[in-house]
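Have a look at these structures, which come just after this line.
In the two assemblies presented below, subunit A is common to both, partnered first by subunit B and then by subunit C.
Showing the complex of A and B:
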């Protein structure tokens, strides 16, 4: 084990992964999306021109294949015409009927869908609200619901443009791997503690202590980056989310491990007591980070019953960078920990020489 | 004695220093919302960078102590 820490190949592999994800994750563009739609309320019976402001799109005036729809839970209505104003602005003219499929449209909210072959399907949820002003003036018109448009993917490579997340979806390559790295480091620490109790070799105690410290570093970075991200997506640095609270308790358990190690001066007693504590701590950590958030609803994706990694949370373009990111940051974590381990070995040798 | 105090406060200082990008960017929240939240990615990368570099500095200072002792022996 110790010779692996001194080798270079795995550090270079980690650095290659990190270079790929830092350049790709920060530089590659986002898919086009819709920022807002004006006006956001429409009246029954009126013919309304909706101006749709898009992001990262490159519409051209020659492009006549744009289609626009409004969609509620029950109805779909196609625009009379849709045309391009400039690269990031599209207009669509809708005639709002009284009812679709003989269901009244009063107070329904509609998603807006714009699609063309190059940009794929752009959606903004609850973009417009139907109000029934001048209800006397309208000619109680009823129309049939249009067929749902096929969902198209953008032709150019881009990360998915999600509502609320938008550009901050790139944090998936920086914030989430911190927690993966923490789990790997703590698992290494846990295995080392078991090996220490079994084999009674001092080096396993050093591995366990250093890896737990590295895990704590990764957890701290994960919490701070998560707080930054939450401020801009959830509106507060610490919303009362089970995953946040679970992670905070898990961190406290490992801080207690560090304090426990400092509080016992006899080295053999220290190693044994902290190894036993570490084995308990890892299982409690697993319970707080992996089980507890899944029992209740969480703001984090994939919690509240469903496992993560579903297609709704991660798409293939994100996966292409997410897995290298997990590998890269975890390898960097092991590199940092290996430095600490080598320091501890050197320190121990020094003490042996002195005595 | 001073050294001990500094050492005990050190993690706190690091933590505050690390969370600086958070506070800084929350004051320009409006600007960030208009620029499609790219700034928060920069803040996150910066936090991770500063965090790992400060850990490296912490380990290096420890290694330096060992080196100094070894050099004294020679």
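Showing the complex of A and C:
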């Protein structure tokens, strides 16, 4: 184990991964998306021009293949015409009928869909609401639901532009790997503690203590990055979410471990007692991080049943950066811990020489 | 006997403080069921920490040496855990009765409530016995609370969830799921305690 700490190849690999995700993850653009649509309420029978504000799009006035739809759960309606105002603004004219497929549109909310070959399909959910005003002015027109447009992907490479998340989706490469790093380091610490109790070798105690410190650092970074993300997407830095609470408790457990180590002066007793606490705590930590969020509803992706990322949340473009990010940050964590371990060994040698 | 009497007095004193505090706010009548439940378990938690934390400190070191030569560590931890579980069970029953006396009792299903209290006593006993032995090895009884509190939280939450079932005549469909989780947890804590304690004892 100790010789691996001194080798350099895995550190280079980690640095390459981190360079890729820091440059690529922050520099590559997001796919185009819709920011907002005005007006957000329309009346039945009205012919309305919707102004659709987009983000990161490069529409040109010559482009006349642009299509716009509004879509509710039951029906879909194509725009009479759709045209480009400027690179990030599209207008679409809709005639709102009285009913589609003989179902009244009163108080229905519609998603708006804009698509062309170049930018793919852009959607904003619940963009407009139909209100039953102006009852005299309308011709009681009933139309058939249009066929749903095929979902197109953007031609240029870009990260998915999700509502609510928007640019903050890049935090996936920083926030989530922190938890992976924390779990790996704490698992390393747990194994070292078991080995210490089995073999009574001092080096395993140093491994366990250093890895727990590294895990605590990664947990703190995970909470900080998570709080930034939560403020942006959920509107509050600390919503009552089982994963957040679990993470906070996990931090308390390992801070208690650090305090326990500080409070014992005899080195052998310190090693033994803290190894016992570390093993005991790790099982409860596992329950907190992996079992507790599955049993309660969470705001996190895959809430309720499964806290892992599902295919819908993580598409291939994100995966290309997410897996290197997990590896890169975890390697950085082990690198930090290996430095700490080597420092502690050196410190110990120094004390031996002096005495 | 002295130990048990002091623990009972401790619980009674907490409940008196709790009752007078609630009464001073005019909240002692018709207290909402959820707050009743939370107060009960928080009180029981602190009673458990205070009681079980002492279980390894009380004996002096010459007595330890005597035990060490006489019996196996397994026997020590088992007897401590069983003793603490019985102690916690009696504390829980006494405090439930006192709670019912001064704050009224929302409990509809006494059988279920007894099961919850029994599981609570086992959980507290299994967890805090090992933690208090760790704290006593560190030479600081005050560590029991800071080492044990973060560990107990998850079990405490499930105990509170399960005890809500006792406030209705019919148990919900989640009853057996929560019950199973707590039993699994208790089993895990029990196994960890008996596996890990010998390493502490061999000091």
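Please note the rule applied: the second predicted complex is superposed on the first by the 354 of 355 C-alpha atoms of A that agree within 3 Å, B and C clash if a C-alpha of one lies under 4 Å from a C-alpha of the other, contacts with A are read in each partner's own complex, and residues count from 1 in each chain.
Operating definition for what follows: a contact is a pair of C-beta atoms (placed from the backbone, for glycine too) under 8 Å apart; a residue touches a chain by one contact, two chains touch by 3 or more.
All values derive from a computational prediction rather than experimental measurement.
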Fit or clash - subunit C, subunit B, common subunit A: fit
Which of subunit B and subunit C A:281 touches, first, second, both or neither: second
Partner chain in contact with A:202 - subunit B first, subunit C second, else both or neither: neither
Greater subunit A contact set [subunit C / subunit B]: B
Partner chain(s) touched by A:168 [first = subunit B, second = subunit C, both, neither]: first
First, second, both or neither for A:229, with subunit B first and subunit C second: first
Partner chain in contact with A:272 - subunit B first, subunit C second, else both or neither: second
First, second, both or neither for A:253, with subunit B first and subunit C second: second
Where subunit B and subunit C come nearest after superposition, their Cα distance in Å: 18
Contact residues common to both interfaces of subunit A (with subunit B and with subunit C): none
Complex interface listing, subunit C residues touching subunit A: 130-131, 134, 137-140, 143, 146-147, 149-151, 153-154, 181, 185, 188, 192, 196, 199-200, 203
Interfacial residue positions of subunit A with respect to subunit B in the complex: 22, 26, 30, 55, 165-168, 170-171, 174-175, 178, 217, 220-221, 224-225, 227-229, 231-233, 237, 332, 336, 339-340, 343, 346-347, 350, 353
Of subunit B, residues touching subunit A in the complex: 15, 18-19, 21-22, 25-26, 29, 32-33, 35-38, 40-41, 43-45, 47-48, 51-52, 55-56, 59, 62-63, 66, 69-70, 73
Interfacial residue positions of subunit A with respect to subunit C in the complex: 197, 249-250, 252-253, 256, 259-260, 263-264, 269, 272-273, 275-277, 279-281, 283-284, 287-288, 291-292, 295
